[in-house]
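A, B, C, D and E label the chains in the order they appear, each numbered from 1.
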Amino acid sequence: MLSYTVKRLLSLIPVLLGLTLIVFFMIRAIPGNPAQTILGQLATDEAVAALTKQLGLDQPWYTQFFHYLGGLFTGDLGESLRTKSPINEEIWPFLAATAELAFCAMIIAIVIGVNAGIISAWFQNSWFDYVAMILALIGVSMPIFWLGLMEQWVFAINLEWLPTSGRENVRAPIETITNFYILDTLIQGRMDQFWVVVKHLVMPSFALATIPMAIIARITRSTMLEVMKSDFIRTARAKGLRMFWVVYKHSLKNAIIPVLTIIGLQTGLLLGGAILTETIFSWPGIGRYIYDAINYRDYPVIQSGILIIAVIFVTINLIVDLLYAAIDPRIKYN
Amino acid sequence: MSEVLLKVDKLKKYFPITGGVLGRKVGEVKAVDDVSFFVNKGETLGLVGESGCGKSTTGRVLMRLLEPTEGTVEFEGQDLTKLKAEDMRRMRKEIQMVFQDPFASLNPRHTVEKILEEPLIVHGVKDKEERKRRVREMLEVVGLNSYHAKRYPHQFSGGQRQRIGIARALMTKPKLIIADEPVSALDVSIQSQVLNLLEDLQKEFQLTYIFIAHDLGVVKHISDRVGVMYLGRLVEITEADKLYEKPLHPYTKALLASIPIPDPDVQQEKELLKGDLPSPANPPLGCAFHTRCSACMEVCKTTRPELVEIEPSHFAACHLYNK
Amino acid sequence: GCNKSAGTDEKPADEGDTAGETSGGQLVFGRGGDSTSLDPAVTTEGEAFKVTKNIYETLIEFGDQDTEIHPGLATEWDTSEDGLTHTLKLREGVKFHDGTDFNAEAVVFNFERWKAGNAEQFYYYNSQFGDKIDSVTAVDEYTVEFKLNTPIAPFYKNLAMSPFGIASPAAIEEFGEDFFKNPVGTGPFKFKEWKENDYITIVKNEEYWQEGLPKLDEVIFRVIPENSTRLNELATGAVDLIDGVNFSDKATIDANPDLQIFERPSLNIGYLGLTSTRGPLKEKLVRQALNHAVNKQEIIDAFYAGAAEPAINPMPPVVAGYNPDVADYEYDPEKAKELLAEAGYPDGFEMELWAMPVPRPYMPEGQKVAEALQKMFEEVGVKAKIVTYEWATYLEKANAGEADTFLLGWTGDNGDADNFLYVLLDQDSIGSNNYSQYQNAEVHELLLKAQASSDQAEREELYKQAQVIIKDDAPWIPLVHSTPLLAGSAKISNFLAHPTGSDFLANVEIQQ
Amino acid sequence: MTQAPVLDVKELKTSFFSSDGEVPAVDNISFSVNKGEILGIVGESGCGKSVTSLSIMKLIPQPPGKIVGGEILLNGEDIVPASEKRMREIRGNDIAMIFQEPMTSLNPLFTIGNQLVEGIILHKKVNKKEAFKIGVEMLKLVGLPRAEQIMKEYPHQLSGGMRQRVMIAMALSCDPKLLIADEPTTALDVTIQAQILSLMKNLNKKLDTAIIMITHDLGVVAEVCQRVIVMYAGKVVEEASVRDIFKNPKHPYTVGLLESIPDVREKKERLYSIPGNVPKPGAIKQGCRFAARCANVHDRCFVEDPPLYKAADGHHVRCFLHAAGGEN
Amino acid sequence: MELSTNKEMQVPIEPAEEKAVSPWLEAWRSFRKNKLAVIGTFIVLFFVLLAIFAPYIAPEGINEQKLTTSDRLQAPSSEYWFGTDDFGRDVFSRVVYGSRISLWVGFLAVIGSIVIGCLLGIVAGYYGKWVDSVISRFFDILLAFPSILLAIAIVAVLGPSLRNALIAIAIINIPNFGRLIRSRVLSVKQEEFIMAAKAVGMKNSRILFHHVMPNSIAPIIVQGTLAIATAIIEAAALGFLGLGAEAPNPEWGKMLSDARAFLTQAPWTLFFPGLAIVLTVLGFNLMGDGLRDALDPRMKN
């Protein structure tokens, strides 16, 4: 298992290297020069040239690339061209913000999606099944920004249940320790703030959760249906087990593998794909951070940001693969 | 009736077991391990053995659908294993195969006509009308109707599909047909239809069969000679009658004893085999059967017995007879 | 019924922060983007100045809602006859937030820092003063003397610009590279916290030299990128004041008794640049024809909710030197067609019309204005294809003269005509801010002359002449001078929006 | 046979409903199983053997299936109208079942012990530890070596034969009165099949459990069964003791079936084969379902559905040829 | 009892009139029975017809601005069925014409990714070895990219326009199809009928095109239909970020984004384009689900 993990990690290297190379060239293909962008349009050519030199952008591409790679190997993600801060430090709060959001979204998506899928499969062709699946379909058919605005309109403005946007009440800000606000408030024992944080999380998480929730519900349903047709389920029922037990013990564990795959893929997508949600809900997350970096042509930030998301993505999927082995004794990695 | 059509010598097929990311070989499955036999023209050689003992693999390696690891296959004096890919492809006109699963072996998206026509197309029958005519003829031969030509496989029952599979094998007028468990997926009453058909066709077209099966009754019925395989090895081979009347190898004996006889009066006390078939990835040393053999001797655990002619035209691989 | 705050259940600000003072309350200011730096000298971005305006002070200050010059950290000033020497008396008893004294040395330190730095670091210093300042010296503890190489007409106005906020020398030395994250000035508010892309908190400077100011205890600048969300936040009371209000929301806000609208006096111009080096646009007649084709009022009614006035000249009327006698090309499609025919394009032509991808106060909805323009051009037979690029690319390409016509605009930095005409239309500015590649020797001469003159009346006359020529050359279609809108809770009082876009918040009060 | 039968199936009819209408997969079949008896059910694929057994367990997938008529008396109690709750008590406790595919009938993700124990806990109302002990006992009973160890292993670690033994252990763990074995050895090799069959016979003797042995292999029937039902297209065509079936078959289908198996003991020159195919259920609406393939067909066979005639004591045949014996 | 073994009797007894039923026909029959799928198809068809006959259905063109008149932001009425937008344009007409764009984007983007994805996937699946490794790694790389960011970056490189958004969407979908087709090829390669084809003596190319491909098409159709749905949403998202269709094209996502300031004042400007997106996407999803049920070989036999 360990050696498998190590091997898998090693095999990620070419993928991440390829990704880095593609990002490297792609962002340089974007018209616009970081020096120019940083200085604004008012800058003179000499100033731009000087900054270009200072930023090392006048070097041949391979020098730049290997310089960057060299940094990566020592764990240095480089410096933001714009703020000149080390990306290692700068990126963390953004990453944490998005991770917290994505995590909550995923929890919601999994809890609701999996259960809806199970119940739908269990009562196949019942009204619940139809309603849940139609809702799931509408869920995947909904543009997320539209959903976000609607949520605000209903829950913040009309019902006044939830705050409109942001991560916290800025009037009484949270002392950050880990940048996971839920954790931070708990560490500090500030239950009042904890609830504020939770309230802020609700709407964006739901907006972000909609699509994975719908996908998970559909996948769960179809794999459950398939599993429930299998021989061992018939065996379990022939033993006189309760249907509930059969479904949640015997079927779910078998159905969970494809669901896990989807969860892995979706979590990755959530991390990078949260830009719209982050924009609508003023969430200071990594998606917007990178998006801004694209606008600023902040090469190292774009590069490292995308690389980090990709690393998280492949790590999650690696964990998912390892989870398979934990769930399914037939799968042995060695 | 003793002209040798096919001669297999020391045939081996090892499947690598790959592991790790780099796909390194970490072991091998000895699916076919040093098998030698011959098939005479016009006869039917039956191959029996338990599941996973390498029967299908043998059949496939013969046709080079799988590349043999070692050994030679001589067909009409020509070594198939040495042929170039293109020559081998042409050679397949002479050797055809009928598969076990009548559901999986027909392309679900082709009509019967297309399925039967394809062998002709690939072997260069250009005339469309000619092809159509021959398809129709062949359908009649295997007991189907020409109006079946336009239908798709899923519209047929298992027995009918197996007829289509047989028809396909016959389209190129082959000399040798390797039938890989052609009846084991069929019901009893249908099974006999197909067996009869195969026999009729053999007479009609002077075919030679290698008939793979695990049902000893079927093998006995259809075969002139029978080979018994165990764990990738041929343990016994002789004429069908001899084998069933006087099996030599302990495994063959046990196998025969295990068959349920459809007669309530024959309640013979059986000598049951202990244990299960070992894994071909990790076969026992010496005689592969020694772990389950009731007559196991010390030598069996260490030395692999050779297939030798113990009685005239009766070969067995067992130390009991190696005096 | 949006009066109830969504945050009612949230704990009010920690009283402990303000150490027993009577509480002046918090103001949460919602805005579209984050600051890039809290060191005003190194940035050109408006969002940055919104915050630094309240942390730093400049030697000279603008008026509350205009760009007249008033005493700031300097109480008096004096210019020599030749306009080459300026002597400023500094305010005494002012301390930086870090407790060090504000004095002439500090001012000199700041100017030397800017001067020593290169152009890419201190853009505004270089563009406004650059080599024109020969030396800055401390005459005594509270007197500074500026010696110039050539006169700078808007010298004092320049000094009042946010980028020239005076920072604590001690802090600059202490923080070095990181100074932009640790601003220390003399302003009414001290920097407290910056969570990037989220909010910046500044708190009351108890030691502020102006008695009784600031009124507020704390100001939080919160980033809320999406306009609709920002308004929603205001409506729920989570923020108290927002800028970048959609013009279309004006009526809704007006109708809400809990909210109020603030208008920012216009110091901007939104225009359609006609790149005079490209295709048919090389022809003056064509450019004039296009000017005739545009119905500005219609655009203003539709996309500015009336909160803008049609632009005639390249600068807003409040700027001294504005020429009120220049007549606009009246909206007249027939005339436009005639002119086109005269120029040899009776059937019109095809061109690109670049639309801004981002909202700006002078052009909140570039795409829509472009659509409207497209339609108007179509009426006179000119087929415009709307093109857009991501913002940085847009500017870069437009700058390179790759756009036929493009939407763009400008908000004045100091309210001086030079800051419009020279920056936007002088031939020297091609490659920086003269996107339409406009070149006219006569105009160039007038502008240089005005720049060097220290006689305000003469300068104004020169600018008026320049505007006449520019109008005739028609390098742009000046579209609007907008009045950007802010909105706030009805509890806010004494808030005055500044035309430059950086608002001084010391006087603002919020009803608890 | 004075004892009341363990199971008495009367006129059971189970249909599947699809858009094409009702398809009776099992059509009015009746039979009974006595205590300690091994009853064989043979017939070709699709003739309704599995549906019969699933109907008895009330595990017919519903929809599309439904028991539309008849009674299933288990120790005198009709379980057709029984509630799902009652059925759960019965399943695994009174009636146990094992299936054809030992490879897929065990949940691959749980240990053998886990799966074995859950039924025992449920029905025997014992705690985990005791259940585990019983489980180990059962594994030993079915002749599995290293029983304790196997309890901790996963299905994929066992061979097919071992899995089928586990299935039998599981089925027998709550001392059911009736064990339904649906083609338990079809997927196994002959040598393993022989092991399993002898095991089942021994257990039957030892525990006195009645067994319904479903198979299509007549050899298996001859080997283990005492009484046999031959099914064809959803109907029972013949019912007799195992001797009578093999020595004195009456129905043309049974006759044909017996003739068409190749025998290891003697080589037939040519096999008999019943022409045609097994009809799809519901395809034949009228007359004897075997009529189209029957060598002794009369006109009457195409219009009238023959009832089950009594050919001899305990020997019933659904064929007009044997009408002399009178209707059952 | 006489045993008859003549050939006559071996001819299966069954009604001769049974017609040839191709698997496609079979699939169509089962598809037809699926109510939701039929509804989905009708929705899709409806929008396709809308797109084709847009000029005859829409009362106005897409860009008939009426800025000066009181026609701006009119609520739905008998004159303007879906009301008017802030240009005074008829929202109904724009939504109708918008179907052209959305369907176009959906189809083209998906066809693009299918073509490239399939090519790569087939090559990878069929040739295996290092080619497979390289192509699979390439898919991994694309997949590891945060897709929206990738699309944004691509559009940033190419410049925002409908065409480039379409290209970006096509690119981000390549690995999905590539992997799908690769795994199909791999699994079809294992099928016995491929072995049979080889045994008959077929050339690899023939096996690939006559046997592997036709058997891989069904999942691609299914995935393709579903991907059209996502492509439409993705185009809308890019439109929302200002990276999609150029004005005055009535792309629904762009219409939504343009109208988002009017959520309270003129909700119809958001409602109808939003509804159009949801309906179209729903239609494709329902249809795709139905196709999956109908075409999935696992459901057969």
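Rule of thumb we're sticking to: a residue touches a chain if its C-beta (ideal position, glycine included) is under 8 Å from a C-beta of that chain, and two chains touch if they have at least 3 such contacts.
The shown structure was predicted, so the numbers you read here are calculated from the model rather than taken from an experiment.
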Any chain that touches subunit B and subunit A: D, E
Chain pair whose interface holds the most contacting C-beta pairs: A-C
Centre-to-centre distance between subunit D and subunit A (centres being mean Cα positions), rounded to whole Å: 53
Approximate Å spacing (C-alpha centroids) for the pair subunit A, subunit C: 38
Centroid spacing, where centroids are CA-atom means, of subunit A and subunit E in whole angstrom: 25
Centroid distance [mean C-alpha coordinates] between subunit C and subunit B, Å: 88
Residue list for subunit E, restricted to those that touch at least two other chains: 5, 10-12, 156, 159, 260, 263-264
Two or more partner chains touched - positions in subunit C: 228, 389-390, 393
Interface hub residues of subunit D, defined as touching at least two other chains: 270, 272-273, 275, 277
Subunit C residues touching subunit A - in the complex, by the definition given at the top: 2, 4, 6-7, 9-14, 26, 28, 36-37, 44-45, 118-120, 123, 126-127, 177-178, 180-181, 193, 195-199, 201, 220, 222-226, 228-229, 232-233, 235-236, 238, 389-393, 395-397, 399, 423, 431-433
In the complex, subunit B residues that touch subunit D: 50-51, 157-160, 187-193, 195-196, 199, 214-218, 220-222, 240-241, 244, 254-267, 270, 272-273, 276-277
Complex contacts: residues of subunit D adjacent to subunit B: 44-45, 159-162, 189-195, 197-198, 216-223, 242-243, 246-247, 256-258, 260-265, 267-268, 270-275, 277-278
Interface residues, subunit A side, partner subunit D - complex: 125, 229-243, 245, 249-250, 253-254, 327-330
Complex contact set, residues of subunit E against subunit C: 63, 65, 67-68, 72, 86-87, 155-156, 159-161, 242-243, 246-248, 258, 260-265
